[in-house]
Every structure is written in structure tokens, then in C-alpha cells.
Amino acid sequence: MVDCIECGADVSLYDDIEAGEILDCGTCGVELEVLNVDPTELDTAPELQQDWGE
Amino acid sequence: MTYTATVVGANGFTGGELCRLLVGHPNFDLVQATSRSNENRTLGHAHPNLRDIDLRFSSPDDLKSVDTLFAATPHGVSMSDIDRFQDAADTVVDLSADFRLPAESFYDDYYDGHSCPELLESAVYALPELNREKLSGAAFIAAGGCNATATILGLLPLVENGVLDGDEQVVVDVKVGSSEGGASGGEAASHPERSGVVRPYAPAGHRHEAEISAFLGLDVAFSVHAVDMVRGASATCHVFPEEPVSKADLWQDYRGTYDEEPFVDLVAGGGGVYRYPEPKSVAGTNRAEIGFELDPESERIVVLSAIDNMMKGSAGQAVHAANIALGIDEKTGLTQRGLHPVGAP
Amino acid sequence: MTYTATVVGANGFTGGELCRLLVGHPNFDLVQATSRSNENRTLGHAHPNLRDIDLRFSSPDDLKSVDTLFAATPHGVSMSDIDRFQDAADTVVDLSADFRLPAESFYDDYYDGHSCPELLESAVYALPELNREKLSGAAFIAAGGCNATATILGLLPLVENGVLDGDEQVVVDVKVGSSEGGASGGEAASHPERSGVVRPYAPAGHRHEAEISAFLGLDVAFSVHAVDMVRGASATCHVFPEEPVSKADLWQDYRGTYDEEPFVDLVAGGGGVYRYPEPKSVAGTNRAEIGFELDPESERIVVLSAIDNMMKGSAGQAVHAANIALGIDEKTGLTQRGLHPVGAP
Amino acid sequence: MTYTATVVGANGFTGGELCRLLVGHPNFDLVQATSRSNENRTLGHAHPNLRDIDLRFSSPDDLKSVDTLFAATPHGVSMSDIDRFQDAADTVVDLSADFRLPAESFYDDYYDGHSCPELLESAVYALPELNREKLSGAAFIAAGGCNATATILGLLPLVENGVLDGDEQVVVDVKVGSSEGGASGGEAASHPERSGVVRPYAPAGHRHEAEISAFLGLDVAFSVHAVDMVRGASATCHVFPEEPVSKADLWQDYRGTYDEEPFVDLVAGGGGVYRYPEPKSVAGTNRAEIGFELDPESERIVVLSAIDNMMKGSAGQAVHAANIALGIDEKTGLTQRGLHPVGAP
Amino acid sequence: MTYTATVVGANGFTGGELCRLLVGHPNFDLVQATSRSNENRTLGHAHPNLRDIDLRFSSPDDLKSVDTLFAATPHGVSMSDIDRFQDAADTVVDLSADFRLPAESFYDDYYDGHSCPELLESAVYALPELNREKLSGAAFIAAGGCNATATILGLLPLVENGVLDGDEQVVVDVKVGSSEGGASGGEAASHPERSGVVRPYAPAGHRHEAEISAFLGLDVAFSVHAVDMVRGASATCHVFPEEPVSKADLWQDYRGTYDEEPFVDLVAGGGGVYRYPEPKSVAGTNRAEIGFELDPESERIVVLSAIDNMMKGSAGQAVHAANIALGIDEKTGLTQRGLHPVGAP
Amino acid sequence: MVDCIECGADVSLYDDIEAGEILDCGTCGVELEVLNVDPTELDTAPELQQDWGE
């Protein structure tokens, strides 16, 4: 478990997590990039934000 | 422990929803459901989702003696029949506006006065997120209005954490489904006229302003629009705080208020299709989705709140409050999960 | 007893519905949900009703060893991956059409052939009302198609009771919601194009004719129309029996077939708003509503059948069959009640 | 040449549609529109699309003397008021069922008899595709029913070309919008109950069977379902010809019947999203879309027909017939084009 | 006088709407309609309401020389192709945002910059209610955004009459239909996901704020919600004037601004079902409905504005502006009347 | 103008039509391939039928 950079909630991790993978925060939904593992470091991955159409 | 229960007004929309909840609740035994127009007919006659329930509507004139009575009647009925309701049951939960407001003056200002003001003080406003302590052991409970509930849940963290203290400008723009009008809608509620609308049915002067003022201490500018769905109320609150706030602050405030709340989910931003609160995500459930977005330009917080008006906005809130009042685990009977995909429930 | 479970294709509509059912099922423990496009993301990213579930999508290439695997993948995937599925789980339930039909010839006639015909015989068709006995202990189950399920449930009593023996004229006119197309719909599935339609998307030559022929022995004239709802399939079967029948006979036949069935309700005639089967009455539930009307002039029976395609028409049917296969009380996890009022779920 | 016109029942749905058409028609001058409930109010009070029209509803008791009177009143009114209507106008066009059927026996069989049977023979059925010649110069016109119109237009080429001669099995499964019920719908027509339905409201014994029998000579098996749209009627006709037909034959038959018809479009197969007739493609227009598909297996022709019940199914048909009767170019005032994209008009 | 016309992007939603308008316009002759994906196909392939038009899509790479070219392409296309467009036609009307804003800085702030800023000054913003004089004889016209148009039309009388001068708090809460997203919507635009929503898709930071700022001089707090309709944009503007205003003042201001405007209707209060502006009342038309309500408590004006985003919000506005530019009577080709009843067009 | 192979209606052509191009019949909507020009010969192009989803 690490804290979400966006909202501060716990972000659930999983086994065999690898650097470079993208996961989302279950609370605020933000897309996070795994920077390092052991200990896990996350950063937001804003460029992944899909456009929603308008 | 099992409590016997009566639903008055069971033929209507929130009355039917109460029946749905009570027949699935392990601690309640629905023994009476009243309807004048469908007396002696089965519950399934009015509510196709209750076809398997072996109970017939009876007259509201003959109230059985029960542990708990839920009244889901139009404005004015509880006011005049409250004595009979209290005679018939130890705990009375009223879904109408008749005992929601804490003082007669509200009824003078927003309604046509009150015929039984002496009981106003004894009624506890049902919203557990606001009133959990007072609800414990309460014998007389008044469930909130659906638009007010959506708004109060959205703004409560800002009030609790001092972002709002009553002087700020707050605009609340609500969108609601057609079930809010009850089962007896007139011409404007007919399918051809009501389909596809964005209809400003109360652009100004909506009565729910009274509740928000009474329970949050905020005088909000309130407008309600009918949109094309059946269930659901969605409040967009445009808030202009005196001091700038950061997203991190807001997350802390909202998580602080709601982290332990069993029926409030924070939903804000992120990816995928469902990024913010949406009524269809909570339809059929007792959950509220609450989120926010920050607009740096205008120093505005946009708070988003979505509930099912039949559930968190009335019948679910009523059962939730009754659970607390009676000492039952508060989630009991209210853990229905929403659907995905789902259209316009 | 608790069974570990995997859902392959969990990102899709029926896969998400399976997850909804399994996380609420006391005898299943959902340990894996696969998605290629949303790997590592939470289930709530795709399915807002699963935001509270602490599980992330994983790749379908790494299947955990579990008790039961549900495959909710497009046509063709199970055919090619069935060995991996069976290696990973003792019991495999497939929701696609890949193993529904009992002989290769059906796939030659209605599809583009079959790449694994040797396993067709081992798959048990999931519809419990038809196949309850064979399902007990089954290790390989193929859930029915939604339109076929609605039709088969409507006509089964007429076949069982000899009103239909295969030579009569039967026209089946089906109306379905947009979730039937799955999560990956193209231009025709976009909201502006798909809203408000009565669109004959398969006026003739629908593949579900194969299933009806295989399991009821009837060659029906079949047409499917898309209408404006998300969940739901409603079949109107126009049946011309050789011998005149009476309503009393029909009631006896239908009650004979379905009286003991936990998920079939007979709904025919009577008063109120909901007199016949309607998809919105069963939305979100595993129930089928079945009814009929008799047209003396044309000596026609009009059979009406309504299901939720996501539930009785796929994921619910799959869990129902798995319950039976594993010896769990068959209603377990499938007792969700419908809503009233409700719009277009 | 300009004809003065009155609409009786102008407050209702088809009456409002007549007003919309007449105020845009160069050869009509709408001088009177009656409503009992909205007497003295502007037309815009009931019909927001007529806000610019400077005319107020007047009482149907005081009918002005005009050239043409359109009656858009519930069943039974024209029967009893026909003398007054004919006194007030040279040409009377009735939109109700009161004078549609050519013989009293139909009213005995399908309705509750007729109070003015002596006039039945003088009324001309309005559908120009069937009756253009008789309409010329007619002084009394009875517009067809919307479901019957959709069906007759779909099947007419098969009758005209001898594919159907009355002994074949024909199943007609109709889907209609909520405007068909008129402006005064009850509980079943309320938005919460009527939204999202596939509701078999007349599975058997629909009165429009009479019209189809009277004008096509076919006894069809007829069922009508309410679906979630406001305007539109879509008929799917399942036809089992005695002799096999080819698609080429069918195209020849349909083109032969309709090539010169200004308000019928053939739509069948091809690519893109809109491959078959769809009510939303013709909403707001006087056009009918007609198409078919052939099912070789069951030797069935599936005929598809879509109209706007307010237009081709009532008010548009009425104006079309009046144009012909009065010698006006028949397309005048009826060339509104449909919309794309469009939701559920 | 007749002008030849090309529509670039004719396969899309606003491009199709332009074609609909131009083929019905007596002063335009549609000679070219481009589509890359449907080259050589008939217009009816994409737009079922244009089946009778004898024209095929051609490639945008070969532009014919015409009098007027309408570009209905995604953001960025006109910016890069403007030279080709101006070479091909004397008058160019662009529906995208590419030349709407009067200065490069807006594109730096709200978009990703501009590749052709030198032409910004020559483009005339199309809204006639704002810019009629400048439009006369204009050779380069940029149609407004739909949400901005709804907002500007609602607030213009308050700006013109000094009720707003730029310092007041204004919250604009917009509700829009799905056609606003264009024909190429992704997963969020699919029918199952998009149906029944109240989805805050741009709670803060919407690009149309730039237009409102540029043309009204107001920095509004702007939020947009997707609701379940296809056509329509409805803006609710919550305005807090510095000085109290009366309803009589407001009526005077609004009538002063709009009394002579052919496409603006004032709708506020009164009786019946349709008391305020509603998008479904203006669907398919070039009209705007504008109204207001006054909230004495909070000293708030609630301005309501409803348009059809395909018409007044894009294609209709474009043709209206072209009429003015070319000296054609400005109402020509734009007098389509709305429907009643109508669902969710 | 040539006759549609599917429905027999006139199919409108256009200048500079080339062999191999695909066009649709405006009456029945069928997709047609241009086999030859001068005179124009058409054939149905059924493989182009897009799937509609189900």
C-alpha cells in the first residue's frame, strides 16, 4: 500500500508490480505510473488522460 | 430482533420502495401496507417487483399496532394524521416534508404554515451523515428531501472544515428524474411531454432551500431542472470560497468527512468513462457519489453529488435512519449494488 | 464451501456482470478478472458499480489456477483457448456461442465452422429450466444466447405439453437493448444513432435460430429489433397451434412447467399498468417473466417473454448453472429484486 | 386558392399537428381551433411550437362557417357531432375511427356499434396510396389509424401483385410511441411507468385489424407493443407466401407500387447505420419508409414499415387527402424533411 | 440569385445538417459534399433524411470552385486548410473553433496555439444577434460554439443594458445532448454508457469560456453536463447583479434586445407545461428560447436559454450568417417549425 | 445511369468514375463495385457489408 499522490488514499498494489506499469487509484481514479518498486514510488501519468469528446 | 412494520402510502413511489427494502430486510417484518385506491389488491398490482410478496393493500384508516410505521404520503397528510401514526407505532418515520424543518417559521416562509408545530422539535432529521448520534433511539424521524440531501452531502465537508461559513456565494443547480414527482403526476409528467426534457421546473424559490439553510446554515441559490431519467438527483454546487483552496486540501476535507461513511463514495477525476458522480451509477442503491473539481481561474470549487432520489433521497435514508434508531447494524438491508451497464433507471 | 473463480473478459459487459454477481455470492471468491486493455487498473475503472472491490484486472495470458473459470469473450476466443481455460479450472462456464450448439453442423450452417468440434459434446447447455439434471456435476457449461433464452423459455411449456410438435408456424419477434451488442459497439451503437430506434437489425437469418432449433426442435421465423433500452430482451412469439387451445389449458401448461421454477414468473392479464411481461420489470434480476394471450379469431397464441439479457440471458444464467453444477443452492447469489419505478435500465 | 379551415380538438396531439401543418400550408387559412379546456388561451399555451401563431382556442360549440373542418377528437365525438361539422364546412376530414370502416358490421364487431351508420358509405378512407382517385372531390374523408396505415402500406404491394390473396398467414408485430395515446393519457402513460418499456399493450384483438381487413382483404394476426419513443409506428409484417418469391420479384413489386408515390421511400438492406425503415428517420415528416427482407429457410418475407403516427399516421395523411380532395398539388404543405442525427422524436 | 456551395466534412453531424439546410434553401445549390470515409457513396448512406438527394460524397482533396464553402471539420483542419478553402470559394464559413476567437492569445490560453494567426482578424464571428452589421458582405465567417451561443444569447441583454458590466458573479450551468460530440464518439459516447446520464463532462475549464469572455466581456464560471438527449443545449445562467432589478426591468431589457430578432423567442413563466425555454421545443429549428426568473432572496437572476446545437448552435447559425453576408433575406431556408409532442430529438 | 443489380432502380453515376471504385445504390443501399467503365458495369460487393454488432 502506498498513498495516492492525488487524493492521499491508500492505493492497492499487486504482486510482481514492475516499474513503468500504469495503474489507477481506486479512490480518485487518477492514472499513476510506477516509478520504482521496493519501495513502490508512483507518479501521476497525466498524458494518459483520454479525451472525453465534446 | 425483528420489528413489525407498516407503510402508509405504500401505493406510491417511495412507499413502494420502502416495501421493497423492508421485505428484504432481516430485521423488519412488513405486516401492513396501505392504499386507498388499491385496497385489497396485492402489492404486485402496483409494484411489479413485488409480485412474489404475499400481502394486500389495506386501508390507512385501520392501522395495525406495529413497532415501526413509515409514512410516505403527500405533504400535509402526516401533519394531520401524526397522532394516529404515533398511536399505532413506537417509532414513526415520515418521508414527507411535514416534520423535516426544525421550526414553525420555516413552514410559514416556505410552505403554507404548519398545523402541528408543537411536534416539530421532537422529530429528528434522518440524514445519518449529519445526525447519526441524535438518531440513536429516536422515536420520531423525518427523512430529508431528495434535492436537499444531494446538496447537503455535497457541501457538508466544506462546512465542517470551515471552507464555507455561510457568507460565501453558493449556486446549486440540480437535475432530477421523473420519479421525484410521485405516482400521481399530471399532464407535465406524461411521457410525451416529459421525455427528453431539460425543464427548469423550479428555477428559483425551491422549498428545499429551507432544509439546506436549516441544516447547513447556508443560503444557497438553488435551481432544479427535470431531465430525462426516472431515478436520480444530481447536484452541481458552484462554490466560491473566500480563501483559495488546493485540491489536496479538498481531498483531505472530503476524505475526513466521509472515509468512514458506509454509503458515501468519493469519485473525482481519473480516467475511463465514469470520472465524476453520476446518478445512474447509484441507481437502486443507498449510496451517494460525491466529487469535486477545482477551477483556478474563477476560484471556484465545483462540487458534484449524485444519489437515487428513491433511496438515499427518501426510502433508503428512512430505513438507514430506522436502523440506527433501533440499534440495528446501519447497513442492514441497504447493500444493494448498482448495475453496469445501465440506461436511465 | 467456497470456490475460487476467474472471469476472463471481465472488462466487457457480461464479464462485469459476472464480477458483480460473484463478489456478492457467498460461495465464490473472485480472485482474477482479466482485461487486456485495462490491465492493472481497478475493476471500478471499467465498472462504476464495482468501485469498492479491491481487485485489479490482470492479463488473460496468465491464468491462475482456480476452481471455476467463467469466459465472457467474443465469439471465437473460447474455441481457441478452451484448453488453457480447462487447464486453469475444474469447472469452465463459457458465455459465448462457441460451445452452445450440440453438433458441428450447426456451426457450419450458422457460423463459420468450428475449430474444436470434439469438445462440443462435453459442453452442457446452461439453461436450468431445460437442463437442470445434466448440469449437476457438469465440468463444462455453455450459457445460452439471450434472444434464444427468452424464446425458449416462452415456448418450452407449449413443447413440453404437446401444443407444439415442430410442424406449426411460429413467428418470434424480439426487441432488445443496446447492451446486447457488448462494450465495443461501433458507429451504429453510438448514442445519437442508437437512441430512440426501432431498428430491425436482424429481420431474418439470426443465428439464435440455431439454438432454438437445437433445444426445442422448432424452426421458428425469427426477427430481432433494437429498441431504446440498455438491458432487456423481450420475445413475442406468435404461435398457431394445430388444435384450438383454451386459456385454461394454457394456464395449466405454463403452471405445470414453471410452478416450481425459482426464476420464472407467470404474468398474464389482470389490471394495473404491468399486465404482461416487460423487460424493465426484470432488469437487474435473474427472473424471466412469461405470459400469453389468446387470439380467438386467428387461433393464435401470443406468448410474451421478458428477461434481462445481462442476467437470465447470460451472466445470471451462467452463475445459476454453476450453482447447480457445484451443488450450491441454485438461488444463491441471484435473488436481487427489481426496481419500481424504473426507466430504461 | 385559399381555403379557410377549422380544427376541432386542436388542444390534443393530432389537433396540434394539424394546426402546425395548416399554418405552414399556402392554401389553407386556419381561422378556428377549438378546445374546451383551454378556451381563449393562445395555441402556444398547449403547443410550444405554435407560440408565434396569433390565434386563440375557441369553444367547439360555436363553429364558424369554413371551407374545411378537421376533427381530431376522441372516438365517438364525430359520430355524434357529424351534422354540426358538415353544417359548418363543405369538406370534413375526420381523424378518428368513427367513419373509417365501410360498414356498420365492423363497428358491431370491433367497437360498440355506430350511432350514425347511414353516413359510413359517404366517407372516403384517406390513404392516398390506396384511394387517390376516390379522394378527388370528396366532401367527407376519414383518416386511417396509424398502426393500420403502417401495415397497409407495408403489405399493399404484396396484395396488388398477387403475392398475398387473403389465405396466407400474416403476422404483424407493431411498435409504437407514446403520442399514439393522445394528450390525456393516464397512469400507464406517465413518464416513470412509460419510459424504457417494451409493453405488449394489445397482444391480441387490436381494433386496427378491422381496417386492415376492410381495405386489404387480409385477416392478419396483429400485436402492438409500446416502446420508448414519442412519435413513430413501426410494423414488422411476417408474411408466408404460398409460392416462393425472389428478392428481385419483390423489388419489382414494391417499386411498381411505390415508384411514383411522393411520400413512400423504399429502404432495404445496403450498408451504413440505416439499412431498413426506422421511425426516427421519418419523424416529423409525412413519409413512409418501406422495406423487406427475405428469409429463405422459412420461406418468409419480412416486411418493414415505419411512419410518424402524428403525420402519415394521422394529421399528415389528413392534409394529404384534403389536398387531393380540393385539387391542390398533393405535396403542398407536407414536404418537411426529417432530422439526422435525432434521438427519440 | 443562387450561390453554388460546398460542404467539407459533410459526413459528420453538422456537415449533414448543413446539407439538409442547403438542399432546402432557394438561394443555394449544393454541388459538393466531401467525405473521406464515404467517398462515392450517396449522401443518404450517412444521412437517412437525405436519401432523395442525388449527390455523392467526394474527396476533400478535390475542391470544386464554388461561391460559398462551409467547413464542418474537427478542430485544427480549417487552420491548416484555410488557404485551399479560400482558393475554392469567395465566401468561407467555418464551423470549427479555429477562427472564432479574435486573438492568438486565446488559442495559447485555451487551445494548443494557432498555426495561422494572421487570418484571425479577418474572420467575423457569426452570431447575428451580436454581429449583424459586420456580417454584411463578410468573406470569412466563423460560427460560434453551441454552448457559448446559448450562453451569449442568454446574457447579451444584461450586458447591453448594463445590468452586467463584467465584475459580477455569473455561474453558467449547461446541459447538452450527445450530438455535440460529433459522429465519431468513443466508448463514453456509446448508447449503453451515454444513456440516462447526468454526466459532468466539463465541470471546470471548458474552452467555450474563451468565447464568452471574448464576445461578452464576462468571465463566467462555466460547467457542462451531458444529459440524455441527442440535440439541444440548455444554459442556466445564475447572475448576481450589483443593483437589484425588477422583473419589469428585465422584461424591458430582454424585449429591447430581442423584439426584432427573427430567431429569438422570449419564454418566461405563464401556465401550461412549457413555461420556460426547453431544448426540445426548439429542436430542428434555428430558434433560441430565452427566459428568466428572479429570485428575490438571493438577489439572483436565473437566465434560461435553449437552442438546438446542430442549428442555432452551428449549422443554422452558419447559414443565417451566410444569408446576411450574401445579402439574402436572413430568414431564408431557416423557417423550419418545431414539433409537439416530441420526445428527445 | 445504370440499373442496380439488387433492386433494378437507376443508379446515379458521376464524372470520372473509375473501375474498382465502390459506390452505393441510392434506392436499396447495396454496395456496388465498378467493374468497367464505358459502358459502366457494376457488381455487388458483398464482402464490404459491415457487421452491425449483435
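Going by the order they are written in, the chains are A, B, C, D, E and F; count residues from 1 in each one.
Here, a contact is a pair of C-beta atoms (placed from the backbone, for glycine too) under 8 Å apart; a residue touches a chain by one contact, two chains touch by 3 or more.
Chain identities (UniProt): A, F = Lysine biosynthesis protein LysW; B, C, D, E = N-acetyl-gamma-glutamyl-phosphate reductase.
Since the model is a prediction, treat every value here as computed from it, not as a measurement.
**Q** Touching both chain D and chain E, which chains are there?
**A** B, C, F
**Q** Among the chain pairs E-F, A-B or A-C, which one reproduces the interface of D-F, with more than half of its contact pairs identical by residue number?
**A** Repeated interface of D-F: A-B.
**Q** Using C-alpha centroids, which chain lies at the maximum separation from chain A?
**A** Relative to chain A, the chain with the farthest C-alpha centre is D.
**Q** Can you tell me which chain lies farthest from chain C, using the average of the Cα atoms as each chain's centre?
**A** E
**Q** Suppose each chain is reduced to the average of its Cα coordinates; what separation in Å results between chain E and chain F?
**A** Roughly 37 Å, centre to centre.
**Q** Averaging only over C-alpha atoms, locate the centres of chain A and chain D and give their separation in whole Å.
**A** Whole-Å distance between the two chain centres: 59.
**Q** Compute the distance, rounded to whole Å, between the mean C-alpha positions of chain A and chain F.
**A** Distance between chain centres, rounded to whole Å: 52 Å.
**Q** Two-or-more-chain contact residues of chain E, please, as numbers and ranges.
**A** 13, 41, 45, 51, 177-179, 181, 183, 185, 187-189, 192, 195-196, 229-230, 278, 341-345
**Q** Find every residue in chain F that makes contact with two or more other chains and list them.
**A** Chain F, residues with two or more chain partners: 24, 29, 50, 52.
**Q** Which chain B residues qualify as touching chain D in the complex?
**A** Going through chain B, the ones touching chain D are 13, 177-179, 183, 185, 187, 189-192, 194-196, 228, 230, 343-344.
**Q** Using the touch definition from the top, list the residues of chain D that touch chain E in their complex.
**A** Against chain E, the touching part of chain D is residues 13, 16-17, 20, 24, 41, 45-52, 177-179, 183, 229-231, 265, 267, 270-272, 274, 278, 281, 283-284, 310, 336-345.
**Q** Considering only the defined contacts, which chain B positions touch chain E in the complex?
**A** 169, 171, 173, 175, 187-188, 192-193, 195-200, 203-205, 209, 219-221, 223, 225, 227-229, 232, 234, 236, 238, 240, 273, 276-280, 293-295, 297-298, 300, 302, 304, 306, 341-345
**Q** Quick check on the complex: what are the chain B residues that touch chain A?
**A** 247-248, 251-252, 255, 266-272, 275
**Q** Using the touch definition up top, name the residues of chain F that touch chain D in the complex.
**A** 6-9, 24-25, 27-31, 48-50, 52
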